[in-house]
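In what follows, a single structure is set out as structure tokens and then discussed.
So that you can tell them apart, the chains are marked A, B, C and D in the order they are listed, and the count of residues begins at 1 in each.
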């Protein structure tokens, strides 16, 4: 019984995570300027990735695989925001200004 | 189920690739590359489970550990230069 | 499902390849190249080549992009429009491509288990590895033991390329430990780098020593190890990185790796075997193989890491304004 | 249809190879030429790995419960080739940097013009 429940939960997490990843990707495509697109990326990095990895962890059970998945999630939580920070910093230093009019399409 | 997740991630990668092509600035491309990197890590993990041999997660781990280094390199190139024009 | 992923990834690779050719901004091309290598690594995973995928991941994610960035920073950012547009290259390429496609028609189908490639030596390698070498990863056993000569040659090529870069670019020693001009801006990066740097080195060692049982080995470990130091150099300044690992030492290390490899081979000869025969290294052939593989993988790792660091230091210390500029230009 | 599916990998590999080849012969910028070589090189890697794949096989790391493995030999060749490829690409890029310093340009046409006027 518990097994089936865990299975269903892991499928929900996996598919939900994949959907969030797709949403983030569409956001990256559709948002008007660079800085707003960065927000869409963070959906992928945190929520989407977290849900997919959690779903896989439930499938993996108590094995080395789960430990590796946890490590991946741990590193992603640190490296994703760092990369985005570095990018935003580089963009700002180079003189890229945020677009304030949301009608403008990138 | 893994198949559906794989397809969704592949579509997300394709969408991100469009942003990498369109630009318009270099940073958009780097950001898109970064996102595709994250998606690749997850796709490697899902593919491992789909093929029944999930112990090869080391590839995903390598990506997570070192893929942001090239982003930092872009920052280091740009902090001392002040142009961002990147039109084709 | 595997076929579908394969087809989609190859399509993405092709589109990215076309885009790389079309774009004139070389920095954009550099970013697309790194995406291209991501796709090829994914494709290697789908095609069961996990060791190859690990290598491509380790190289494509970090060091190759950084080298291209450094080169573009030292040269021009934009490609000029060619002065003459001739159709000759296109014609040559089309004809060659057509000839090659005609040639593939005789090839066995993709995935065919009876293809000639799979019938010659590969079944022996797969069957004999558990008894003769005693490691589960057949790629490692072929790389380090059955085809040890080959790998010695490859390591020598890498060493030679490192010497070539050293001769062309040189490594300029920095007198004092200079702080990067934007040191104060890099606080976040430095903290994260401090967190990641030891973990990357630890992971490199894991890849090196776990190479017998899973994907990994000396080549990948060397690349990951070097990338860890590149991260340190990027965030803490080139001067500090050169103090941690002096360029003079790198030259010695690059040679030491190749020497360690050859020494293992000669040790086998001294103990009464053939060159690079590991069976005689220990009392029991299988533990001799284990010892031999571990030693030569370590040698490979040392050479690869040292050569990549020589290359990196050579490129970034070339001129202020490079990827690790010490003075704002 | 089976010919199409059976040779799809090889054909894409050839298209990629020709893309790289075209970049090398048609583009005057030396960095772009090296990137063309990189594309060419990757296409060769994919060709080898595609040939190593066995339908229904798994990664060549021996484990209980699997009997059919993909061919490990091309994997070994390509694994080393990737690292060698990086080292040789770096050598090529180092040459480009030195050419830039000597001629002040990385455009092949400009270099020819300078060579002729000397």
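Note that in this section a residue touches a chain if its C-beta (ideal position, glycine included) is under 8 Å from a C-beta of that chain, and two chains touch if they have at least 3 such contacts.
Just so we're clear, the structure is a prediction, and the values are computed from it rather than from any experiment.
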### Query
Which two chains does the highest number of contacting C-beta pairs join?
C-D
### Task
Between chain A and chain B, tell me the centre distance in angstrom, where each centre is the average of that chain's C-alpha atoms.
11
### Query
Using mean CA coordinates as chain centres, what's the chain B-chain D distance in Å?
21
## Note on the structure
Whole-Å distance, C-alpha centre of chain A to that of chain C, is 28
### Task
At least two other chains touched by the same residue of chain B: list those residues.
13, 30, 32, 51, 55-56, 58, 61, 65, 67, 72, 74-75, 79, 81
### Message
Show the residues in chain A shared as contacts by 2 or more other chains, in ascending order.
### Response
75, 79, 82, 86, 89
### Summary
Touching at least 2 other chains, the residues of chain C are 50, 185, 189, 196, 199, 214-215
### Message
Show me, using the given definition of touch, all chain pairs that touch one another.
### Response
A-B, A-C, B-C, B-D, C-D
### Touching residues on chain B, where the partner in the complex is chain C
3, 6-7, 10, 13-14, 17, 20-21, 23, 26, 29-30, 32-33, 36-37, 40, 43-44, 47-48, 50-51, 55-56, 58-59, 61-63, 65-67, 69-70, 72-77, 79-81, 86-88
### Query
Which positions of chain A touch chain B when the two form their complex?
11, 14-15, 17-19, 21-22, 24-26, 28-29, 34, 37-38, 41, 44-45, 48-49, 52-53, 56, 59-60, 64-65, 68-69, 71-72, 75-76, 79-80, 82-84, 86-87, 89-91, 93-96, 106
### Task
Spell out the part of chain C that touches chain D in their complex, as residue ranges.
3, 6-7, 10-11, 13-14, 17-18, 20-21, 26, 29, 33, 36-37, 40, 43-44, 47-52, 55-56, 59, 63-64, 67-68, 71-72, 74-76, 79-80, 82-83, 89-90, 92-94, 96-97, 100-101, 104-105, 107, 109-113, 115, 117-118, 121-122, 125-126, 129-130, 136-139, 142-143, 147, 150-151, 154, 157-158, 161-162, 164-165, 168-169, 213-215, 217, 219, 222-223, 304, 307-308, 311, 314-315, 318
### Query
Tell me, which parts of chain B touch chain A in their complex?
1-2, 4-5, 8-9, 11-13, 15-16, 18-19, 22, 24-25, 27-28, 30-32, 34-35, 38-39, 41-42, 45-46, 49, 54-55, 57-58, 60-61, 64-65, 67-68, 71-72, 74-75, 78-79, 81-84
### Query
Which chain D residues qualify as touching chain C in the complex?
2-3, 5-12, 14-23, 25-32, 35-36, 38-39, 42, 45-46, 49-63, 68-84, 86-91, 93-98, 100, 105-107, 109
